[in-house]
Amino acid sequence: MNSLFPTCILLAQAGDAGHATSAASVLVWASYLIAAALFILSLKWLSHPRTARRGVRAGEIGMALAVIGTLLMYEVVDFKWVLIGMVLGSLIGAPMAIWMPMTAVPQRTALSHAFGALAAALVGTAHYYEFNDTGRIDHITMAILAIEVLLGSLTFTGSLVAFGKLQELIPSSVKGLPNQNLINFSLLGAALLAAIWLTIFPTHHLVFPLLVLLGLAFGLSLVLPIGGADMPTVISLLNSYAGLSASLMGFVLDNYLLIIAGALDGSSGLILSIIMCKAMNRSFTNVLFGRIDASAVASADDVYGGKVKSATAEDVAMLLDGARRVVVVPGYGMAVAQAQHAVHDLFDILESRGTEVEFAIHPVAGRMPGHMNVLLAEADIPYDKLKEMDEINPTFGQTDVAIVIGANDVVNPLAKTDPKSPIAGMPILNVGAARTVVVVKRSLSPGFAGIPNPLFAADNTLMLFEDGKKAIVDVVAALKEAA
Amino acid sequence: MNSLFPTCILLAQAGDAGHATSAASVLVWASYLIAAALFILSLKWLSHPRTARRGVRAGEIGMALAVIGTLLMYEVVDFKWVLIGMVLGSLIGAPMAIWMPMTAVPQRTALSHAFGALAAALVGTAHYYEFNDTGRIDHITMAILAIEVLLGSLTFTGSLVAFGKLQELIPSSVKGLPNQNLINFSLLGAALLAAIWLTIFPTHHLVFPLLVLLGLAFGLSLVLPIGGADMPTVISLLNSYAGLSASLMGFVLDNYLLIIAGALDGSSGLILSIIMCKAMNRSFTNVLFGRIDASAVASADDVYGGKVKSATAEDVAMLLDGARRVVVVPGYGMAVAQAQHAVHDLFDILESRGTEVEFAIHPVAGRMPGHMNVLLAEADIPYDKLKEMDEINPTFGQTDVAIVIGANDVVNPLAKTDPKSPIAGMPILNVGAARTVVVVKRSLSPGFAGIPNPLFAADNTLMLFEDGKKAIVDVVAALKEAA
Amino acid sequence: MTDLEPKLFVFLLATFLGLEVIRRVSPLLHTPLMSLTNAISAIVVVAAIQVTAEGHSNFSTFLGTLAVIAATTNIVGGFWITDRMLKMFRRESSRRE
Amino acid sequence: MTDLEPKLFVFLLATFLGLEVIRRVSPLLHTPLMSLTNAISAIVVVAAIQVTAEGHSNFSTFLGTLAVIAATTNIVGGFWITDRMLKMFRRESSRRE
């Protein structure tokens, strides 16, 4: 090490800490260090319901520490705008948190990714022009910054579209143009070119807005044509992009806490999307660029033609009366119908009569990972009654009645039988093995995969055509008077 | 960030890389980065026997990369001595690796910790004087360096003693002086004082050798009085010190790979010692500073007095003949007697007669974690027959014969019954629940805890007084002719 | 930007750690997981604060303020909703607190 | 020594990661684990090489060379023995290779 070195370090430290003194800067990164540890613990504790809430506390404390540490760094400067921003942010965030119904969780997640990505993109942009003025931007920094902003902006629009679709602001009918993929690739290509250009000529500051625009456009055209059923996967993917972009910003700002938090966020997004793809037997490329060709889909008439038997709430009540073991299979429809509380009543009354009741949770039931668990937990159903697919599938054989509430694709036997169907190979809950299957939905219309479901025409299946909530309420009522 | 900053960084980089060009230095840390990733994967893959060997490969490749990268850094300098050192090292290491009997693994581990610590201490020392000449050593660096060297030197002597005891070069009779703990604490205190002194006056280079000496002395006086049975725990503790010291060296040398590898090593040592302490129901302090007071130990006569029944190999063969389920409980004695291959023959002949044979592995059977597993694996016994304590304990009830081969403390019921005994509260294999228990050992002499074992006097226990290997060979022979 | 080396090491380790830790999260809690990681990654707020406070130009102050708003929204919303969800999970035995 | 910050972060992460990963190692393999981590931590050899090669004084060259010897012993011995042990582990089904 050469003798110039230590002096440089001091400067470097001061540099790290912007306008702050070296001492203050140590305080700051010390707080960041602790925050990083707390964030990690937070995720470790989340692994089990018993410790999960402690995890949230840890995360909150870490966040508070980091923010306070940062504010300390700028005693001198007036941060009127910082405070204004934080107040406004809280005013937007709090109501969302308080009044948002649990059924809106998927949309909310998408929206928050949009916000996160927006913040990343904005900060990146600000830094570019800042550097640019002072003319201090080397090629490596520029390259990282460019990728950071690109990821940020495409995640922003992408997540917004996802939000729009889940919130049904954008009709899910919106499908891609014939040569959608071509468009996507050319947009992406152009964006990358712009990024490379900036890396070589960091000072060409007119290319920068172009980069941002291309990123935004790519995000739009990538997500717009994707079917609602694939949204959750896309959301998780975007989640990992948002994380990566935060991490890259950490690179640019010499902020290790940012690098870590971003990496943690990114890996969670990655893992969740992998889990979902596995559970749907799809590949990333297939989710992002694959289009389902309607031709392959068998027509509903062949499947259902006169074979569908429908039943009344009373019939179902009678079935349940005799049942020793009942398995409830919730799906997206339960969320739409907000039927979880009615389901809880059903659960209570059956348990009170000594019937064994369990819930079969398919990894991709609903519209996001763990969606059904949250709804049922909201309805105060103990989580040890919620069984994962692999655990419950073998038990359908000893099940008297399987009640499918607003689930469709996740119980569609075509996944096993028809290799050409869009859900071919997706592992399903084989409710068919139960003595009797009761399917609660409003009509024979398909689920998100848009295909008919032979289960509805099976001999041991009874359809209860009704809104999920009303149907269950009626069944419970019927059970009560029967008693 | 101030404008001086980037230039400093370049200098810093060059600085990092010693005499090398910045470009070369990038090559070096790139190789370190990959090496770090490979080391992590190596440990991940070790978690299961199926992938374990891949783990070793990953580790080797990582190591090769790092070494090559480092050598690259010094094309210019002649590194005659480096090569000489590496050749000599290989000449010492290879024979050890090839000819070392598996039973010597514990000693070998202790010895290698000694080597690792030695290397750390030497490098630390070299750096101190180097810095000292050039007068470029700040207080923080000095503090870290001091701790690093202290840990290194105490681990060196400590591990050597551990080696000596396990190799029985040092009689395990060597116990501590009456006021051993006082001595230890004063040595440690003095060492810490020296460290602090150096931190305040880094240039007082005469204090440095003092620090080293105190470290060496402390290592000696800490480990010398510790009983053999506690050695493994101590070894693991020293292991974590060695790791920590390597990590600290990484701090001093700006070498992140060293920081990571050291931290990984340290945490493994820590976890293993925690596991062992749990399995022996001991605390660290108790292991390090607790002395077993002989008074508490019940006299052998009360325990055994005329109640011990001994048997011949033929008797045992007859027992096994009728048995449907046999559980073998190996202990340190099996290692001493090198009886594992004989045990394998016993396993084969019993299995061939349709007898169910399983092995009960106590977490601290033998003299190091996993000791028994390695020996039995060496004897080609499939690892799915090796059951952990919690798994096998409930099954002793349905076991016809439990054969205890050279195990003692880990099957000593006193752990449950006598709260004053040195192993009180240590979870044990309750072989007593088996229809008949056969104990193979040479005499009634105690195990490492030095206490008698009521099991040997139990009604359903037969003693086979014989060297472990000979005993099993005889039993197998008897079984053969019986057939 | 200071030199790349330490950052790549930190990124490498954090990613490995993230994958390790998150793989262990029970599927039961995947939704809370999403919102928690999301809240955590809202740590970009510190960068936003930096930009705003340093305020080299009105432009960057403006962008910074927007960023602060967006990030704070995620912090407040993220942690709060996660906690709301987790409060609901209860075992058979223990009653909901 | 360059500044402390990145190093503490790296140390923090590496320790967490180490604890996570090693807690998952099956007890079956605790002995190989010991010798493998030991071999890995023999990475101090790079530091030893540095000292020796830079050779600021005969003294440090001497210490360095000793360190290289010690570390190399662990590398060669450590990996080799670990592999020797692991070779021996086999499941009922698969025969030993």
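Note that the chains take the letters A, B, C and D in the order they are written out, and that residue 1 is the start of every chain.
Just so it is clear, contacts are C-beta pairs under 8 Å (C-beta built on N, C-alpha and C of every residue); 3 or more make two chains touch, one makes a residue touch a chain.
These numbers were taken from a predicted model, which means no experiment stands behind them.
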* For the chain pairs A-D and B-D, which is connected through the larger number of C-beta pairs in contact? -> B-D
* In terms of CA centroid distance, which chain is the most far removed from chain B? -> A
* If you average the CA atoms of chain B and of chain D, how far apart do the two points sit, in angstrom? -> 14
* Averaged-CA centre spacing for the pair chain D and chain A, given as whole angstrom -> 40
* With chain centres defined as C-alpha means, what is the inter-centre distance between chain C and chain D in Å? -> 34
* With chain centres taken as the means of their Cα atoms, state the distance from chain A to chain B in Å. => 45
* To do: Please list all residues of chain A that touch 2 or more other chains.
  => 5, 9, 12, 15-16, 18, 40, 138, 254, 256, 260
* To do: Mind pulling the residue numbers of chain C that touch at least two other chains?
  => 2, 6-7, 9-10, 13-14, 16-17, 21
* Asked: Which of the residues in chain C end up touching chain B in this complex?
  -> 2-3, 5-6, 8-9, 12-13, 16
* **Sites on chain A touched by chain C in the complex** => 12, 15-16, 18-19, 32, 35, 39-40, 42-44, 46-49, 52-53, 55-56, 59-60, 62-63, 66-67, 69-71, 73-74, 77, 79, 81-82, 84-86, 88-90, 92-94, 96-98, 100, 102, 105, 108-109, 112-113, 115-116, 118-120, 122-123, 125-127, 129-130, 133, 138, 140-141, 144, 236, 239, 242-243, 246-247, 249-272, 275, 361, 363, 368-371, 373-374, 377-378, 380, 382-386, 388
* Structure fact -> Listed in rising order, the residues of chain C that touch chain A in the complex are 1-2, 4, 6-7, 10-11, 14-15, 17-19, 21-57, 59-61, 63-92, 96
* Within the complex, which stretch of chain A touches chain D? -> 5, 9, 12-13, 16, 29, 33, 36-37, 40, 256, 260
* **chain C to chain D touching residues, read off their complex** => 6-7, 9-10, 13-14, 16-17, 20-21
